[in-house]
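Same chain, two partners: subunit A is paired with subunit B first, then with subunit C.
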Partner chain A sequence: MLVLLFIIFAGMAVGCAIAVVAQRNPLYSAISLIGVFISLACLYVTLAAPFIAAVQVIVYAGAIMVLVVFVIMLLNVEQEDRRRPRMAFLVPAAVGMAAVLIAEVAFILSSVQLSANTPTQNISDVGLTSSIGTGLFTTYLLPFEITSILLLMAIVGAMTLARQAKMLSPRARVVPGAQVLALNVIDPRVPLDDTKAIHVHTTTEVEKVLGIEHDHDSAQRD
Partner chain B sequence: MDWQPIIDIALKFLAITIAFTVVLLIVAYTVLAERRVLGLIQGRLGPNRVGFGGSLQPFADLLKFILKEDIVPDKSTRFVYFLAPVIATMAALMTMIVYPFGPDVNLPFLHTTHLVIARFDVALLYVLGVTSVGVYGIALAGWSSNNKYSLMGGLRSSAQMISYELALGLSLIGVILQAGTLDLQRIVELQSRWHGAGWFLFWLQPLGFIIYLVSAIAETNRVPFDLPEAETELVAGFHTEYSAMKFALFFLAEYINMFTVSMLATTLFLGGWNVPFAEDIFGRGTVLFGLVSVIGFLVKVCFFLFLYIWLRGTLPRFRFDQLMNFGWKFLLPLALVNIFITATLVFLNVL
Partner chain C sequence: MTPQLSWYLALSAVLFTIGVAGVVIKRNVIAMFMCIELMLNAVNLTFVAFASFFQDVTGQLFVFIVMTVAAAEAAVGLGIIIAIFRNRESLDVDDASILKL
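== the complex of A and B ==
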């Protein structure tokens, strides 16, 4: 039963992973990547690690990939045209390396002796929520805290980089629709400063003001 | 041959079928109730012609949805356009299996039965995970329709759901801290003290309850957080281009989501199936006790559904920047404060 489930979900994972690189439309690639994450989560469940599985779905499928899909949708990334590979000499090299890799795996599978003492059949509690929590907050507290500081730095860095765009005054804001307005136009309590309202009438003009170059004729999807 | 596993599997399938049918019926009648109650609030009648007092209206609506022409926009991304309502409905339906709707009962001819379809260690995280996948249904629907109103609606909706998911998840942590488990059945059993009135997560988590309620309304895109469907700005938001049964699927997904967040609120904050003094009167494990508990559970869930409709008839809509500010600058810090207080009290063994 477990073997059957493994074959199903591993097949799904591999199929989706191939689709990620094979698809020409970036959004299809993103959807396939979500498929990979969900199949991996299913594999974790069969490996008696339900907590990891749930976190995999919540963090990767539910949060990170949503942002990726967002970016693809907002930038309207074009379908990649089929073009001649620039470094064509890499193709035979890749094939050769893949062959070596497969040969290695085959060698390991065929020649390495299976260990005589099979793992015990006891149901492990390593993947359960409480054991993970206990581990994180006792034995591995320092790495855990360092990781959280790293994540905090990433957030602060992203905000700093985003703020550095000096296209508009930091007080200016884009109202969804078609207008770029200074804050004091919207909110009378804000003191007047040198920012002025930039009058635009269409989304195209907003794009021009914001410096987003966009080819509208090719923007339509298939 | 040992028939026990086959009987167990058959019983599970039966339970899933019954649960899905009951939930879909309740959802159908929630739509009717919404229209009638809104009519009441606005001083008019609402649909009352089909069947007695409009009781067959949901089926008339369904028939109409099935018979309508299914229009697919010419420049839509065909595959994703079909996929989106499927994802939305599936994610909504999948969370339903983990909620315990009754206590353990000794049914005739069977051993002791747990009135829950699937019970596992990380049920609460499972709910959060599946709900977060549901965002794709809306985002992809907005994108694949190739319509700017749909795209705006989809983007707004996903941004809103991601933002409020944080506050929602954090508001649950207080409950988890007190219960010490993610297993929903166990959390409900912990609330059985004080003769079944010890909905301690409700008494001891008032702040968490309010945060959960507000963010749950935002998660389900209901008034006053229904910006994705703000008809004055966006026609109908992400489902502008959807017609016939595909539109019905989105509609269904929204109402099932309403139902599931109500079930989660009931389970975590209102004591689940605990009815005060029911166990003292009927005795543990009897069928009557089970029945009373299930009815109690449904009554609590229906209270939340009524609350949704009531809010829709009462409150105006937020503006988008107000919505974002409220979520990120008010609810999120408040949820963190709630966690901090709860953790301190649990650490000091007060709770």
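== the complex of A and C ==
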């Protein structure tokens, strides 16, 4: 019974993993990756680790993959276009490395033991939530606390990376309808010191500040 | 006959290899990111298999911490991906080959 479950879920995991690499659309890759996560969660259940299986489904298939799919949707990623590799001389090296990798996998697979030699499935509390909590808060308390600091750093880092610069720098000038340019790009003769900061956000307000206001109503009527 | 420890290790090795191949082959940053997640999961399977066969809870605690690190990596990594896309209008890693945004 367990062998049948192992074969089913291992096959699902390997198939979905190959699909992750083979798909050209990142969204399909993400869906396949969720399949890998769920089949691995089923394998964790057969390994008597129900807590890890639940966390796998909730954190990986739930939180992380939702974040990835959200970013894929946000960035409107299209399919990868086939482009010529820029370093074509590396192709023979890649073939050689792939051969070494396949040889290593074959070596590992050849040493798989098919006969039963270790009795498992004892009645124990390993894998239950209480034993994991006990271990986490007694022996491994320091890694647990360090993990919390890591999460705090990740939050701050993600906010810093994803933040947009709101205010213009004093050396920038807004050209209406165009992008923000540095002042000496627009006019190299202008001294850099007498420019005031423009603390507004929209193009219309910038036009008012610069005194180059257009008649927007007539433009909209046209 | 019950599944052996080496079966799980072999499955983990296969998944890890597929992940490595994906990181090498893929050019899309998000696809490479997902292949890295695949490798992390392969290692997690190894930890859980050892924890189950040796009747030791330490492996599952490792998995717990690896999952936390993966979540932090997802947050920061996707932030970096968004920053790259905002500056380069592309997700191809060849377009972001210089260390300057």
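Odds and ends about this structure:
Throughout what follows, the second predicted complex is superposed on the first by the 134 of 222 C-alpha atoms of A that agree within 3 Å, B and C clash if a C-alpha of one lies under 4 Å from a C-alpha of the other, contacts with A are read in each partner's own complex, and residues count from 1 in each chain.
We adopt the following convention: a contact is a pair of C-beta atoms (placed from the backbone, for glycine too) under 8 Å apart; a residue touches a chain by one contact, two chains touch by 3 or more.
In this text the structure is predicted, and so the values were computed from the model without any measurement.
Placing subunit B and subunit C on a common subunit A by superposition gives a fit, with no clash between them.
Once the two complexes are overlaid on the shared chain, A:62 sits against subunit B while remaining clear of subunit C. With both structures placed on the common chain, the touch criterion links A:129 to subunit B but leaves subunit C unconnected.
Look at A:74: by the touch rule set out above, it reaches both subunit B and subunit C.
When the two structures are aligned on the shared chain, A:34 is found in touch with subunit B, with no touch to subunit C. Once chain A of one complex is fitted onto chain A of the other, the partner contacts of A:51 extend to both subunit B and subunit C. Between subunit B and subunit C, it is C that contacts the larger number of residues in subunit A. Once the two complexes are overlaid on the shared chain, A:6 sits against subunit C while remaining clear of subunit B. For the pair subunit B and subunit C, the model built by superposing on chain A gives 15 Å as the shortest CA-CA distance. Common to the subunit B and subunit C contact sets on subunit A are residues 51, 55, 63, 74.
Across the complex, subunit A is touched by residues 75, 77, 79-80, 83, 120-122, 125-126, 128-133, 135-136, 139-140, 142-143, 146, 151-152, 154-155, 158-159, 162, 165, 182, 320 of subunit B. Across the complex, subunit A is touched by residues 1-11, 13-15, 17-22, 24-28, 30-31, 33-35, 37-38, 41, 44-45, 48-49, 51-53, 55-58, 60-61, 63-65, 67-76, 78-83, 85, 91-92, 94 of subunit C. Within the complex formed with subunit B, the residues of subunit A that make contact are 25, 27-28, 31, 34, 38, 41, 50-51, 53-55, 57-58, 61-63, 66, 69-70, 73-74, 128-129, 176, 220-222.
On subunit A, the positions that touch subunit C within their shared complex are 2-3, 6, 10, 13-14, 17-18, 20-21, 26, 29-30, 33, 36-37, 40, 43-44, 46-49, 51-52, 55-56, 59-60, 63-64, 67-68, 71-72, 74-75, 77, 80, 83, 86, 94, 98, 101, 105, 108-109, 111-114, 116-118, 120-122, 124, 126-127, 131-132, 135-136, 140, 143-144, 147, 150-151, 153-155, 157-158, 160-162.
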